[in-house]
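Look at the two complexes coming up: chain A is in both, with chain B in one and chain C in the other.
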Partner chain A sequence: MIEAKLKENNEGVLAQNNQMPVDKKAKSSNPSKVYWKVFKTSPLGISGLVILVLIIFAAIAAPILAPYDPLTQNITQRVQGISAEHWLGTDAYGRDILSRIIFGAQTSLTVGLLSVLASGVIGTAIGIFAGYKGGKFDEILMRIIESIMSIPMLLLGLMLLVALGSNMTTLVTALSIGLVPSCARIARGPALEIKESEYVKAAIASGASSFRIMVVHILPNIMGSLLVVVTLNMASAIRIEASLSFLGIGIQPPTPTWGNMIKDSLSYLTTAPSLAIFPGLALMITVIAFNLIGDTIRDASDPYIIRKRG
Partner chain B sequence: MRNKKFSIGIVLLVMVSMLLSGCFSGETSELAGNKTSQKSSDKKILRVSIVGEAEKLDPHWSATTPEVTVISSIYNGLVRFAPGTTDLEKIEPDLAESWDSNEDKTVWTFHVRKGVKWHKGYGELTAEDVKWSFDRVMDPKTGSPWQSEYSNVDSVKTDGDSTVIFTLKHPDNGFLMKVLNYHGGNIVCRKAIEEAGDDHMNIAIGTGPFMLKEYRTQEKVVLVKNPDYFRGEPKLDGIDYIMMDDPTAIEVAVENGELHLGNGQADKNWVEQKKQSNNFSIEVPKPKVFRAIYLNTSKKPFDDIRVRQAFAYALNASEYVKGYLGTTAASIPTSPLPSSYFGSTEVDLIGNNAKKAKKLLAEAGYPNGLTLPKQYMTTDKNHLDVAIWAQDKLRKVGIEMPIEQVDHATYQANIRKDLNNVVIYGYVRQPYLDFPLSQFFYGPATVGKDTAVTNFIHYDKVDELLETVRVTADPEQQKQLYKQIVEQINEDVVAIPIAEEGHPFMRRNEVDLGYKPVDGAFGSMFDGYPIYETTDIKQ
Partner chain C sequence: MLAQTVTDNTILEVKNLKTYYPIYGGFLGRAISKVKAVDDVTFSVKKGETFSIVGESGCGKSTTGMSLIQLVTPTSGEILFNGENIFGKDKRKLKKVRRNIQIIFQDPFSSLNPKMTVKKIIAEPLVINRIASGQELEDRVVELLEMVGLGAHHLYRYPHEFSGGQRQRLGIARALALNPEIIICDEPVSALDVSVQSQVLNLMQELQEKLNLTFIFISHDLSVVGHISDHVAVMYLGRIIEMGTREEIYQNPQHPYTKSLMSSIPLPDPKAKFTKKRIVLEGDVPSPENPPTGCHFHPRCPYRTDKCKEVYPEFMKVTPNHSVACHLVESGQLA
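On to the complex of A and B.
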């Protein structure tokens, strides 16, 4: 109810500012339009979105887009600069850097997406449950979450990969564990608050089950902030994956990832810096894109900012 | 909103400036480097890079390149190669003043130099020390990896204070190779080692031109000159062996004078570019490092010779050498064993035939190709480059070779635990074929056995021949037998040679080695510059 009111309010403000005719019924049934409106007015958000769409497209269409097979070596054309044949040059084994960056996007996005989804679902469930149930559950779950938080994610990944062997599953598991706390903590706060609200009490009085209250009443209310966290988590997952590959314990060669591309280029830093620069740029741009999107979503779910804008 | 734009702008600015500073760091640190080299100019300390720890400084155990590098200036053998060479014709006296052998080369007598002092007040070297040192290596209880090299020695006796007599079970023309200042031939100090007990790996009491002063884990090994060295006081005041494993860092350090000698990169482009430097020269040690891929015949799928042949046919060593290492420093292998040792012979190697490889795989029961279990692989570039290159070639004939990178020490340990099917290994040995053969292709040297050395492939088919050649006196006959052995090994496709690599090293212009590299190459029994009492830093 509060949420609905809030939205109505926001839309009112937006509508007033933009002086557009408002079809309230249609709008309130589709909250994503609110985000879209904020995105439209934010050049940074839009550019983040555009970059992301391009990267996702590149990752999906990699086999078509990439000019060469990312694994095929051509030892006669090693460490070459930018040319018409190889737009971003070739690496130490004569592999096309552009193709490797495009295929590297697949790895980065897959690892990011899987770990963010897993951590999002688990973290949110833990958070809502802890917040709604309160008491001992809350205490125990939150202490566990805090203990996970105390371990730096890179270290957690390092330990798990060394212990369980380097593969995609371990990598995703490690990242998911590392990302669970952020989602859990974001979910718990509002859950604590909302369970005290009138409409939840009313729902309880009318015999709604705890599960129904958590899913139907609490979850929708935290979607906005959750979306922000998930987007930012995506950025850190990609970053940590690259760091682990850089250390040589993430995804193993010859599979291209931006991290291991940078690692391979290390011994050529003085002779051919482009080997490191391009995958580095790809990584940087992607992480920035996710951050920009995350920021914009945050703005969109913050009525204060929306009101100020325009 | 404006605030955020501003902050993003700053972030971008910082990133760009970091990138730029990365590009130009070479120049800025050059200034800093000049300052430090000025500061330390009152003492002549030679700073040399080593890649990794040098933990075992007892020469009867020292095996890794950093270890062998460090001990090379601490210990002496009975004989040595003339500085700057590894020429069998140029073996000269070291701790032995002279030597002779009987007609059939079964009794070797060495006259030990008088007045040679052990480091740090451990007294004078005697024939008894020499005897004890060899007895120690030969004693199975000691557990030295070089024990098997002396299986032909029947007894070591002393005659007076300065004569040592080796009696051999069978004639051995190459016996001088075994009393060289290398591996088990280094003479250690009985008194010091007995005093040290369990600490024997760390004391390093020898007779050489430099003495161990300090070992700083993960940092450096500090040697100081031995003023009582029997060939005269060293010109250098000391040597700092600095542990560095990042090739770029080493290069920058040599460029700006923080290092005098440093490891370069076995890469064609790198060599070509760095040859232009005004600050240092690029030189390679001889004999070259012989690198090959060893296939474990005790495990599936390489117990089947057809799979081994397919593996060999998938690869093409000459492509790797020409395209990757460059023929300036490296050469294309001509046999599964080094090409410049006594007994070396050329054989017809197989390779570079993907069609045949696929056909052989199909015959062996893998018509759709096969996937090997995960192979441990070191992050050391010289190995890893071969692995990644081979991965692509193998993939094309249907062999998938997934790898898992581990640090170099773990890799070295794992391959000795028999955990790999495919082992990539490079070595330099005494230039006598018996050494690599006994270590890599001799049954008792199989990994996992008590007498294990580096027979990763569980190979024992040339044991008899090898034992025969060891007791053969006639050099010509020996050569014939070695030829037979090498041909057998080649036929069995257990070792696929990849390259004879000359690992480039950087030497700053002010360093006078005390010997002159010839055509950009210097003789060394390990992967690095040997440093003598005559080595100097010119001001």
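On to the complex of A and C.
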């Protein structure tokens, strides 16, 4: 049966090869472009992205944007409501709330970014290594990861900050440790799967080192899911940083953070609620923006949703 | 360079290759048992020929292929490449050997990294072995693409933009990148439809002639094997039960299992199906974890004797180019 087919095809193959369809559009469809496509069609994703860009811009341009110095006290103008001079009012020491919120974005984003980066790099490395090497490495590393997971992040932050003193480094360290498990677990699963794939076997057959396989083959294939986790981690890092500052053991006054601004406003909650509402809103919007972006990236990596949206 | 003991043009000699997979279980996950995926396999391959290994799913043919380049670590045995034992070499030496033995996989979808461009995929072996870089690398990749019937305009595409047949061509191009002497083809066409199968097979034969390649062709498709092979080995439950030239195996099968396999090949002539005798075996393939005593095939063999249940048959030559492991053939009971 096949013999006949082969004879018939023998000339056909060569003829067909010459007529290989030439690519008309010079650009090829990069898989990562799918993300942008999904973002474009998702109003929530776009709004998340726009909000985030605005917040980042505000944080970077804080010295230019902020109408007042965030630390200058003005006792004559304390606890004022919304006015033309102070758009969002002033706090208990007469400091401009808008300026403090803008500078607070710097702190929140810096703490979030540093801890997410550190935990992302370390967690991913641990996850890929555990998944790829398997066996005892996997067992030991994953048990350590699970024991970290069993401690609530807020408690972990409390313990470290109390033990090592409240400063930026300790805060970032505590948050990083707390976020490592999520990245490690997300990286490990696909690593286990990809190491059995035939393209990894082909790479081994050509002499690829374990390091090369982990970096060149496994890492790019888990970037999508990592991006989701990292974005959502950013939201929780900012939230926990605010909680710790609210508890008074995070970033110390007078440096403005959204958390310690809410804390300072506690005694004025009934008389001047705007003191708590505006930093609270800033915190909420930022966390929501990161969650929206994270959800959209997750959708983009789900082929079913992509198909549904056309 | 290495040819001390090679008398004829034998390129690969496999002696008593065994690959056992441990089964973990019980308390503390210790190895409680093992699957004898490849059990005492011996064969030799001549330069420039196509040596096929056929058998049902789970008979150990793919494991044999993987063991040859040590993608699966064999338990024991010798693998002589150009007369030099390559089993148990340290990593650096193994890397050198692997340049000469490459592999093509069955599934054209999982054998290409979806996040890499065609250029990166095919260049990978060259980059790993530091053979070429820059413009030289790109030229070589284009040359390889053209060899398999693709072209320079495919360089920056991703695997998902290709059809199954084209992907398999990419797999072949990658395997050719290092100028290997042997290519292990692990069911290279079984995932493709028939018309594409023949195109890919023709391409492979063309390349074999042009580059003097040796193929170790692993397949369950007897029509494909009958078309492409010079020598054929039939495996059953981890062992080779019959081996010989293609003509011998296809025209004059000796082992009852081989006979039944040959009778299952579909014929293109619709009238032939009335005259053809189809030998249908009873039962299923037993678990390789706990193979039957004696001849592994005896529970399904229509001609079994008491001896078959107790003693594993020796491999014996029927003709100089044809060996079989069966008591009945040995004693002449099967004509």
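Here, the second predicted complex is superposed on the first by the 277 of 310 C-alpha atoms of A that agree within 3 Å, B and C clash if a C-alpha of one lies under 4 Å from a C-alpha of the other, contacts with A are read in each partner's own complex, and residues count from 1 in each chain.
The rule is simple: contacts are C-beta pairs under 8 Å (C-beta built on N, C-alpha and C of every residue); 3 or more make two chains touch, one makes a residue touch a chain.
The structure presented is a predicted model; accordingly, all values stated were derived computationally and were not measured.
In the superposition on chain A, no contact is made by A:L156 with either chain B or chain C. Of the two partner chains placed around the shared chain by superposition, neither chain B nor chain C is touched by A:L113.
By the document's definition of touching, neither partner reaches A:I122: not chain B, not chain C. Legend: residue contacts after superposition of the two complexes on their common chain; A:A62 is shown touching neither chain B nor chain C. By the touch criterion stated above, A:T270 is placed in contact with chain B alone, chain C being left untouched. Within the superposed three-chain model, A:I204 lies in touch with chain C and out of touch with chain B [touch as defined at top].
When the two complexes are overlaid on their common chain A, residue A:L192 makes contact with neither chain B nor chain C. Shared interface residues of chain A (contacting chain B in one complex, chain C in the other): none. Chain A contributes residues 1-6, 9-10, 12-13, 16-17, 20, 22-23, 28-31, 197-199, 201-209, 212, 216-217, 220-221, 223 to its touches with chain C in the complex.
Residue ranges on chain A touching chain B, taken from their complex, read 42, 44, 71-73, 75-76, 78-79, 92-94, 165-166, 248-249, 252-254, 266-273, 277, 280, 284, 288, 292, 295, 309. Contacts from chain B toward chain A in the complex involve residues 1, 4-5, 8, 15, 19, 22-23, 26, 246-248, 251-252, 265, 267-270, 273, 319-320, 322-324, 374, 379, 381, 384-385, 387-389, 391-393, 395, 402-405. Those residues of chain C lying in contact with chain A across their complex are 66, 69, 71, 94-95, 98-99, 101-103, 105-107, 110-117, 121, 124-125, 128-129, 149-151, 153-154, 156-158, 160-161, 171, 174-175, 177-178, 194-195, 197-199, 201-203, 223-224, 227, 266-268.
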